[in-house]
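In the two assemblies presented below, chain A is common to both, partnered first by chain B and then by chain C.
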Partner chain A sequence: MLITKVKTKEELLPALTGRVLVIPCLGCSQSYFPLEEFNRLKDELKASGANLASEVTFDYMCREDFTERRLEIYREQIEAADTVLVFSCGVGIQTFAGLLPGKKIVSGSDTFYVPGFPGFTPSEHDCEQCGECRMGLTFGICPVTACSKGLLNGQCGGAKDGKCEVDKNMACGWQRIFERMSALKGSDKGLKEGVQVRDYKKSNI
Partner chain B sequence: MEEEMKLTDLTRLGKFVVTSEVGPPKGINLDKMLHEAEYIRGRVAAINVTDNQSSVMRMGGLAACKVLKDKGFEPVFQITCRDRNRLALQSDLLSAAMFGIENLLLLTGDHIVLGDHKDAKPVFDLDSVSLAHCVKRLEEGFDLAGNKLDGEAPKFCKGAVVSPCAEPLDPQLFKMEKKIKAGVEFFQTQAVYEPEKFEKFMKRVKEFGVPVYVGIVVLKTVGMAKFMNENVAGIHVPDSLIEELKKDKEKTKSGQTGIEISARLIKDMKGMCQGVHMMPLGWDDKVAKILELAGV
Partner chain C sequence: MIREDFTKYKLKPAKELRELVSGKDKLLVVSCNKCFKEFVSIAEPEYQEAAEIIKTAGKNISGYIPVDYLCNQYLTEKILNKYKNEIENSGAVLVIACGLGIQTVSQTVNKHVLPGADSVWQNGYHGVTLSAEKCGACGECFLTSTGGICPVVDCSKGLVNGPCGGAKNGKCEVGKHRDCAWELIYNRLEKQGRTKGFIQEAPKLRNYRRNKFKLVDEYVKLIRAKRSEGFYGGLYPVELKELASGLAIEKFPEPDIVVIPLSQHAGLACEALVKKGDKVKKGQKIGETAKSPITAPVHSSVSGEVIEIALKKHPVLPSPALSVVIKSDHKQELDASVKPAGALDSLAKEKIAEIIKDKGIVGMGGAGFPTAVKLKSPKPVDTVLINGCECEPLLNADYRVMLERSAELILGLRLIMKAAGVSKGIIALEDNKPLAAEKLKSLLQGDASITVEVVKTKYPQGAERMLIKRVLKREVPLGGLPLDVGVIVNNVGTAYAVWDAVYNGMPLIRRVLTVSGETVPKKGNFEVLVGTQLKEIVKYCGITLKSDEVLKTGGPMMGVIQPDFEAPVIKGTSGLVVVKKHDIVESGPDCIKCGRCVEICPMELKPTFYVLLAKQGKYAEMENHGVLNCIECGCCDNICAAKSSIVDIVKQAKKLIREKKK
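Take a look at the complex of A and B:
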């Protein structure tokens, strides 16, 4: 699941020069498109003097072949526009902009991170795609995502009543790991031995 | 001379170690911090310098430690993993060694959101355990990537923190053991207000065989005690002490209640551990009196 939010009129107005072509990317089942807010924003922009001259709808903007095809179909509208205002997740915008290097493109949305395997499965569990899964040591609880600091060697001094110092509603990830470990007698050997350090070459930070 | 020794050397010699702490300014003038340090010159074995404590940006501990050392104090360089990656951490460690700064306190660090730069990127490339391991590797003549250091290897006295009154305690003990395995040689604790809990804690860590210096934070007001109970991890001020603070408002306001409580706590716990670490939070002028009353 991807969540996008439309930007504010204040942020967008200065960038919307000349004739603006509005392109929302709708129809991706993984992405929540804030349709009401999008319509409200268009009204606000028009009322503030932006020249929203035309609009065409895309879906699966992230699919380069679909987008390429649509750019052919809508060639006239695109050529007529001074600015193209695109409402899409970050992947869609990059795909679109990559195919139109000579055009002024403005992103109309902010894409927010939602836990669960990015773009696919909404979940309370998260996977940071670190490339070196160590959950065999931590009893199926991911220390990178269940711990606010991503610590690998145990609880920090910030846990209070089993909750994380960053969010009182969030359980301390290392407390959870510890509880699972305690329930399985003699299973602390893996965690006790060795010093764990991240290899950031394996992730995409 | 006592003020030039590593903390663990003092413990080895059978001395009860007393340390205190100061915080660098959010600015470039060290006068206030040095003024605080003067209150305890000769009364403590070393003075900790905090590292962007509570994630509030301040002047760097390395600079402040160097100035303290130049003024004849023995600093303890506190290093957190919140703001620096493994390169910067090793870099600062080598710099510290070059300046002759030997005592370290190795911490993971409070999270960014607790401080005054909430938009900043939290680093946490290493944590207290991997940082301790990293320091040990430097002492062996290698950086964390396995490259040989040029010339002489640094030598440090490596400390870390533990919270004796954390509930539950077991995860803390687990981490403490990992820190020791990684090379930590002494512990300064989070503030303790319950000697009975501390006694239980000390019984459990006796087998680890490393010196523990119990943490003391002077209680200034009822509000402060209640705030810590609500918000600060690992600290619990019992009702009895809150009542004591409430009893005589003038006495508490003058700081006398806080002084008496701290002195009593030290008296009760000094026989259980190898030293005390004072965290005056600005009341540096009262530290000497507390130590005197406590007989340390």
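Take a look at the complex of A and C:
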């Protein structure tokens, strides 16, 4: 699951040479594409002299066989274009570019990371797939993702009023763990027994 | 390439599991059906394995709860609520799921939650489907200048300004099995003749602060709020209502020939009351049956001569249906029965109900349930709800009726309320129709018996169940009817038709429908005679289909594809729309188990299973998974990342299950 944000006119304009084909990927469609901003940006680009010659819509660009088929359908438009301006997440753009290695591809959007696994619901919870789940010690709150520093052995001490020093909008993960432990009348014995060291190799299967 | 065998987590090793459960007993195990695994079986082997390990460690398992898509908080909370006692009495809860599932459970239950599995990283993380491509979601896409190869994730050092110089023979110095991303980038740019420009570009710095917690957090909250807005699930499709919303209702010219099917409603088909060669008049009853109470008569929409009674194409039924074909004499002579019956105040309750039955009035939203049957509710009813949501994209017929025929519509509602013996009426419409809402409200000023409810736009708001939940906060039981919660729901068109029947004596022989679509030359909202063949409308509106387009009767989401234009307009035809083909890819897996259909199903079903079970022919199991409760709204079809036609699968399964029961 991802969230994309369209780039600014200033950033895109220098890259848009010749006839430009615009392709928005509406795959994670419905609620996940910034349609309004996309339309506004197109108007701005046109007003600034970019030659947005045509536009075709893709969906689930990340699925190679869908994309291949669409390339077939829109062959004419693609061949006629000097530059293809793609609005999709990084996976989609790479899939597209991989199938058309000879074409100049411009990525129209930036991709942001959203908690929750691929394809499913955006979630308040996050999981980094570290491959060594420790939530048994931390009462079901993940220190790898809930602590902005990913500390495994307790708080850094920088939090103020329960908020993280890295980003004040974020709650301190270790305070949450402590509060939950107190609520469950749990014990921190397991945590204190040894120092937790992350094995990065585990996530590298 | 698409991979099907991704697994999000793996069971912890036996030694670790034993350590985990030490000091705990009476373990309640919650396991998740994995998404993105090869979808061949619903059963999960991990539980058996874990159970063995736990037992050999001398611990007891107090219960086992398998849940699909454990990370779906709304559904998971509902399921776990059913097991309150088991959870309360357990020593600890062991969750076999990815980190999301574990955290969802730990937030829901007030118990020590133990993770029974470790999550595993996959590529294609953010896309919906699994792929070989990776995206680091850095928030400042560099792909433009690198020929579409990502330096952030494909270069093991994440360098954004060029190679480190350590690569040998095109392989990375960090791991010899991986390609040097910068060499790949260079090769691709060379192919495109862009190397020179690239070298001259200014150095780039990564701005790690771009990935802001707040931005993402707000987005997540927004999406989640939208998802549960009013009712669970649903979609926000691009509506394109503006294509035809400003066009006033126009009378469609009377065709030379009308084809009137004897079955235009839910229930038993009519028997013809006329024969070939008979002269008929406009509004004359030409079909009826006394064999079942659930039926509605049909009437001639023109005056002229019956030229044929034969099996003809039907817009909804899969096989041809018996229809009366009438050649119009264009004299529009009215039948003697077409005359005003009286006014709201002068007519008795029973008389109104009788007129509604006699004039063949049915639900005009699409299902075509006879309105008279709804009025004879065996259960107490307190509210009549007029459904003006029209949540389907493109359609505007109901909107135009609400706007242009508001007074008649309100009178129609009053007639239905009187016939049903109900004192409360509601007209519900979505907030994308402010003009209609304003008009209705101004006409109803100072009237406490009828209220206008404006609800937030969301598909499928117009489904009875969703609307009742939203407006009246009542939950229609699964498999039940609105009557079960004391509500009669009628479409806007139906209420207008009731007015027409009582005040003009006109049976249901005409209706307003929207003709729209981005490529339709003459869009509009037309009042069309029932029986008008689609080809007449296609010709009149200048429709020519492109190779990737189809014509549908109804709306884009639930409408029926019309392969040719022979079928006629019937009482329930709310629109004629030209839409892009739902392209189905024959190759590749038909379900990648991404779970998006589960996420958006407003009936809270799990459409993903239907794809698998139908393939295996397990229809009884499909029934256990609630397939008969599906309202065929098309949300799952619309969002399916594997492009399966889930609704077709469901329709087929329903048919087979019902046939078996007979």
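Simple rule for what comes next: the second predicted complex is superposed on the first by the 187 of 205 C-alpha atoms of A that agree within 3 Å, B and C clash if a C-alpha of one lies under 4 Å from a C-alpha of the other, contacts with A are read in each partner's own complex, and residues count from 1 in each chain.
One rule holds for everything that comes next: contacts are C-beta pairs under 8 Å (C-beta built on N, C-alpha and C of every residue); 3 or more make two chains touch, one makes a residue touch a chain.
Please read these numbers as outputs of a predicted model, since none were measured by experiment.
*Asks:* Pick one for A:Asn169: touches chain B only (first), chain C only (second), both, or neither.
*Replies:* A:Asn169 contacts chain C only, not chain B.
*Asks:* For A:Pro34 in the superposed arrangement: first (chain B), second (chain C), both or neither?
*Replies:* In the superposition, A:Pro34 touches no partner, neither chain B nor chain C.
*Asks:* Classify the contacts of A:Val195 with the two partner chains as first (chain B alone), second (chain C alone), both, or neither.
*Replies:* first
*Asks:* For A:Gly154, using the defined touch cut-off, is the partner it touches chain B, chain C, both, or neither? Pick first, second, both or neither.
*Replies:* first
*Asks:* Touching A:Ser182, do we find chain B (first), chain C (second), both, or neither?
*Replies:* first
*Asks:* Have a look and say if chain B or chain C is in touch with more residues of chain A.
*Replies:* More residues of chain A are touched by C.
*Asks:* If you lay the two complexes on top of each other, which residues of chain A touch chain B in one and chain C in the other?
*Replies:* Residues 148, which sit in both footprints.
*Asks:* Which stretch or stretches of chain C touch chain A in the complex?
*Replies:* So the residues of chain C in touch with chain A come to 1-2, 8, 12, 20, 35-36, 69, 71-73, 98-100, 102-107, 110-115, 117-122, 124-131, 133-145, 147-150, 188, 191-192, 194, 210-217, 219-220, 223-224, 226-227, 235-238, 548, 583, 585, 587-588, 592, 594-596, 599, 638-639, 641, 643.
*Asks:* Could you pull out which chain A residues touch chain C in their complex?
*Replies:* Touch list, chain A to chain C: 1-3, 5, 7, 15, 27-32, 35, 60-66, 69, 73, 89-98, 101-107, 109-136, 139-142, 145, 148, 167, 169-170, 180, 183-184, 186, 202-205.
*Asks:* Any idea which chain A residues touch chain B in the complex?
*Replies:* 148-162, 165-166, 172, 174-175, 178, 182, 188, 191-192, 195-198, 200
*Asks:* Inside the complex, what are the residues of chain B that reach chain A?
*Replies:* Residues of chain B touching chain A: 86, 107-111, 113-114, 122, 124-130, 133, 144, 161-163, 166-168, 170-172, 174-175, 177-178, 181-182, 190, 231-234.
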